[in-house]
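Common to both upcoming complexes is chain A, partnered first by chain B, then by chain C.
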Partner chain A sequence: MNNKALNIVKRVLLAIALPAIVYLILGIIRPDIYFSFNTLIMQLTQTMKLTLVGWAMLFGMSVGLFDFSVGSRIILAGLVGIHMSQFMGVIGFVLGVVVTSLILAGITGAAFAGLRIPSIITGYAMLLIFESIATIYQKKFTVIVTDNIAIFGKAPGIYVLTIVAFVLIYVVFNNTKFGYQIKAIGGNEAVARSMGIKAVQLKLLTYIVGGAFLSIAALVEVGYTGSVTAKTSMQSMQSCFTPMMGVMIGMNLASCNPVVGSFIGSFCISIVGSGLVALGIESRLQNVVVGLFLLVFLGLKGNSDRLSHLFSRKKKEAVNIN
Partner chain B sequence: MKKLLALLLALAMVFCLVACGGGNDEEPETPDDSQGETEDPGTDDGGETPAGEQKPFKYGFISWGTADEHGRTLAAATQWAVEAAGGEFVMDGSAVSAEQTIAAAENLIQGGCDIISFCTYAGEASVPQISKLCQENEVYWTMWDTTIADESIQEMINQDPYFVGTANEDQYSAGYDTMQKMAEAGATDVIVVKYGVNIPTCDDRCEGAYDAAEELGINMLYEIVAPEDYKAAMQNALVAYPEANAAFLAGSGTQSTAVSAAFEEAGKSDYVIGAFDYFDSMGEMLQDGSLKVINGGHMVTGTFTAVMGINAFFGTPLSEEKYSIVIPYLTLTSYEDYELYIEYASEGAAYTSEELQQNCFPVFNPDVTLESFQEFVSNWSIEDIAARKGAEA
Partner chain C sequence: MGASTPVVEVKNIYKSFSSTRALQDVSLAVYPGEVRGLIGENGSGKSTLSAIISGNLKADEGSMFLFGEPYAPANSFEASEKGVSMIVQEQGTISTVSVAANIFAGRESQFCKLGILNSKKLSAEAQKLLDKVGVSDIKADAPVAGLSFEDRKLVEIARAFYKLPELFIVDETTTALPQKGRNILYGLIKMLKKEGKSVLFISHDIDELIEVCDTVTILRDGRFIATLEEGEMEAKKMKELMVGREVADNFYRNDSNCTCVADKPMLTVKDLSCGILKDISFELKTGEILGLAGLSDCGIHEVGKAIFGLLHRESGTVTVGDGTQIHTPSEAIKKRVGFMSKNRDTESMLISMNIQENVVLPSLDHLKVAGFFIPPKKEKELASEWCGKLNVKMRDLKQSCAELSGGNKQKIVLAKWLGNGSEVFILDCPTRGIDIGVKEAIYRIMEDLKSQGKSIIMISEELPEVIGMSDRILVMKDGRIVKEFDRGPELTENSIIQYMI
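Coming up: the complex of A and B.
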């Protein structure tokens, strides 16, 4: 029992070590900013927005799907929600966002499963379609985010939704047949198929379940930014890159579950971005540093066996010399 | 009979040789040449009857689309001029990069457009290729909201007989005036938010703002450039510079809501936002005071560049040289200004076809000159709209 408790403590410490180290470094450089409760809260809030999108992508990414239509789906669902809120208030907003998000996810998933096209291509195609629809649709009404629908993107609404989403996704990912099958497909699709798991159907389901979580992200996004603007020519794709990086870090954090890891990964990216501003580094270099951070992290993680082998060999050589 | 036939054949051969060789002996006809042949249609001498004529045409307009307020009104305002001149309006709204701008130009030219116009908001790299395309296809072209920064490109297009000119706002002065108005509203420590890099329009606005700030003793704390998430970027800047009490948005005015939210969540209620480019919720923001200055209404840059291109196509150019006209912004600083703009410019046509015909096109009014045209353009303001529409400014 003691060992088990010790193991849990060790895993928690390992999990929070990465963001803690990054945060500590920034705190040492700018203690006035980073050793402040308000700054920490702000970073966490920014992270929640990224994580919600990341969680929506987690199911798909776990089975090797890369769907770049996520940003365009948030925009279109947000626009429908805002439009419906002008007739039905908050209920209309929530209904509009959730139903639209599910429909769009279903269409994207059906296109992938029905046409047997690689997920990246399907994502690009759907992105172009959704962006165009959003552009045409936005002209039909005035896009104004009222205070009553903005509550989901502000405290405490954003915290409540994030906690609800966390509980749901944690249970679905770790304690359901669907979650186990995802892990099986992600681990080795051929073996999973031989075990009777219907891979195509399961992947279609990841789109729909991801779409449900994406609706929560869209509710938050609309309130957080206070506006939604249709984008064209794949500009909406940008909004899925950072959450995707967070998920990648999360999936590679061995010490914790990918659900928790995605949050930690997004938190690290948020802190790095903020830290660069605090250090007065030109904002154009921020993406370079965030990209390098990801490369270094994944590079170290991916080559950990080779690195540990290299270090142990050198250690042995040093012992032999002595 | 044989002799007669031989003579006829010989004459036919000579005729063919003359016809084929003619092109080598003479300079190719260019629009400037044809303008020269038809005499100046009244550019410098307003009393003469224009030699050109109104004829059917297709006008190709390139932009990023019509999803936002500025894109929508820009396309509508360009149509005011095209319709006033009796042409057909065709739009390609897919140009968000230099490559896509070139592709849009190709598509419109292939679609039979006689005149095209575009902007270099995605960079100047598209200009040489479009110039080449237009020369090959004998299509007149203009650029709206553009001042070419690269001297070699400017030199190159100056040699292009189909390039007519540009229309642009005085970006530097607009940036300067905006910062001045922001200072009057209480701005002392400012975060600058740029929507792109190496974009002359954006850079000039910022240069004006920086100069005004220096003169007025305003601190320019930090520059955010093209962030993915405006609110998060502003929050980060506010954490690093907690003394900030203002934001200067050099474009993408729609992000004012995100910037305002960042101020509010940082616990600041007394802040100043000055921005460029109109957006949907600016009325509400002007009303509740979260937005102090918004510059826009430069959709008429589309109207007036259309006028320039159409006049060249009609054979009645307003100048023998390439020329640029300067367009003022409609600067809104109150909800009343906003209401006027919405009623008479956004939802209605700020200019009637008759007003445009009488003030912009020599084929309709031979007295129109470049000077009178520039004067007409310079009048563009909330007060001018109100006066012409009989409303109170």
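Coming up: the complex of A and C.
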């Protein structure tokens, strides 16, 4: 095997090491649950749902934008989509979700770019607005979910959508000018500007492109759950935290691309979460464990140099003693 | 010197970054009252060694001693508390807080009573220190963000002198300072020497090293090569020990007359006013190297930024050869104008990205297939071609730029604009902080570009290189062009200096 092939094998092994270790540990604790095909399929489905939202957030997070309005946008786009499906069937559902998602993303992006306020504040404000609109919308229109839209949340629909989304986001992130410029802005905005990159326009575009991917996530979410309920008091915000954690893990997995990394990160979060359910741990404590998992992973990653230095020193000391 | 206990002694130091061996078995001792020079090519390990001594990095192997006692600082603050302070080439201040807060960063508790910070006392102490160091014109209450790069360096120096350091490490800082700042630094070094303190002085300027240092240690490829005592410090010998081969005495252009096409301007700047700049007008001819000379704060650096569209212009126009006016960096790049900033790491290069990504970034439009897709093969070919032509020392194209030496970083910035097919190059201090080997390579690239009919604006504070490389020199003072010189054998530094000051 030549060096290049060896490097690829090494990177693949490193990339799958984290979920494999987590899976193995949980499998040893509960072999009856974890070492079964059905559980794996269930966790993969859960992972896809998380990853699709995570991918939609990846563009923004790569340029330092944190948008907490994502959950409220899924709900509102889902409501409009379901409403339209009553008149135009599946096509109406898809159109309603995609167009609404793009419009909401455009409005959020325009608010950020136009008012030049931090993305977190813009996200909070838009979340409050979108949650209220969704509540009014649900009251005003009778929104009934039809069976035919479930194809987006079940196999093979969810797999097809995830694969299509993966190919699209991989190409956009790695093989387009937009993807390159995102990495440049994330690396150093001042330098990126000096290379002719229009930072504000690019950030606005990350909202819109992210919105397009979010529409795929909304199709899957509504199809999977078979219902959409408007939320208030910032409850919709919770739905963006778990995917965000997956992306954070993905962006910190040195051995692989953030797009693939986000999937791996989401898979880890998913198996940890479902493992806790299987172990009968109370839902509030589950968040504590998932949070701790993220801290441990990022802590290990951030201190990898110190740890390798420590291990190499211990190894040398052991050799000297022998 | 050798009889007393060394202030700092490092023994058999090894340090690697991934597969790159930065230091191999390096030993060194600096004695009280000694000003020790440290010289070597980019990537020779000077900065790594100084970072280890100052607590910014940890050695993989080896030991260090401070006045004979084991010394292993956990970080730069601990090193500073023990008497080892360092100032570096790149920016080392916090821009979001005041000068005073920067000077006493980490030592605020001495100005606190019951948890309340006495900011008045903090500012007063900081001002005292600034006055003592000789930079009274910098006000302690001023926000650092409003200071020039040079003044920020002086703030760093003041911070290092809060407690007179036992060992003061100067890592290529003089290239970031104007003459006034350099004089302040030289004065402080003399004062330290008189007080029996030591200095480790890193610079690429051999004449400066001979002038300032008592002894000089030479590193090459991470290894100790030699230490020269005062009588042995001779420029040619030092260069040869650094490079490991014989080097030419003069590496500038050999021709002594202007050789460019006069009637075909590549760039026209007309009545440009912007901040300090007032009514700047000139034409850049085809195949011309136009030198911009002047003191650091006279506006020469702003000219480059303003032409490229990085500064907001109050008035005036910048027009390229085909008559199109440029206002923004994206317009400039489209019209094949490239800009290399003086502050490489913070303004010219994406340190967190790899070599390939940096090189291809301005060329993405040329690489696109079907209007959007950038084939990885084409990216690799472009980056590989230019890194090969410029002989960049690297592991592979995916190596992070943060791991490269200063000279190689500079080559990557050049590769970026060469790969983009730029016709006009604005090079602000193109040889700042790089060794003579890379310097020579950059001068040859500039000559090559000139021979291809490309034009260069070379902004530099180093008069020998401006004289040695330019077809024409514009001298600036207080934001205005005050004199123009043509290339010629009679042109000397003195004739230019009288218009600069």
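Quick notes
Definition applied: the second predicted complex is superposed on the first by the 307 of 322 C-alpha atoms of A that agree within 3 Å, B and C clash if a C-alpha of one lies under 4 Å from a C-alpha of the other, contacts with A are read in each partner's own complex, and residues count from 1 in each chain.
By our rule, a contact is a pair of C-beta atoms (placed from the backbone, for glycine too) under 8 Å apart; a residue touches a chain by one contact, two chains touch by 3 or more.
In this text, all values refer to a predicted model and were calculated from it rather than measured experimentally.
Partners chain B and chain C, once the complexes are superposed on chain A, both fit on it without clashing.
In the superposed model, A:Y224 makes contact with chain B only, not with chain C.
Of the two partners, chain B and chain C, it is B that touches more residues of chain A.
After superposing the two complexes on chain A, the angle subtended at the C-alpha centre of chain A by the centres of chain B and chain C comes to 130 degrees, rounded to the nearest 10. By the document's definition of touching, neither partner reaches A:K140: not chain B, not chain C. Shared-chain residue A:R116: touches no atom of chain B or chain C. Of the two partner chains, chain C is the only one touched by A:Y180; chain B is not.
Of the two partner chains, chain B is the only one touched by A:V277; chain C is not.
In the superposed model, A:M42 lies in contact with chain B only, and not with chain C. When the two structures are aligned on the shared chain, A:Q235 is found in touch with chain B, with no touch to chain C. Minimum C-alpha separation, chain B to chain C, in the superposed model: 32 Å.
If you check the complex, the residues on chain C that touch chain A are 58, 60, 308, 310, 328-334, 339, 341, 346-353, 357, 360-362, 364-365, 368, 372-376, 416. Of all residues in chain A, those touching chain C in their complex are 171, 174-177, 180-181, 183-184, 186-188, 190-198, 309, 312. Chain B meets chain A in the complex at residues 64-68, 72, 93-94, 96-97, 100, 197, 222-233, 235-237, 239-240, 254-255, 257-258, 260-261, 265-266, 279-281, 284. Residues of chain A touching chain B in their complex: 30, 33, 39, 42, 46, 49, 134-135, 138-139, 142-145, 154, 224-227, 229-233, 235, 238-239, 241-242, 270, 273-274, 277-278, 280, 282-284.
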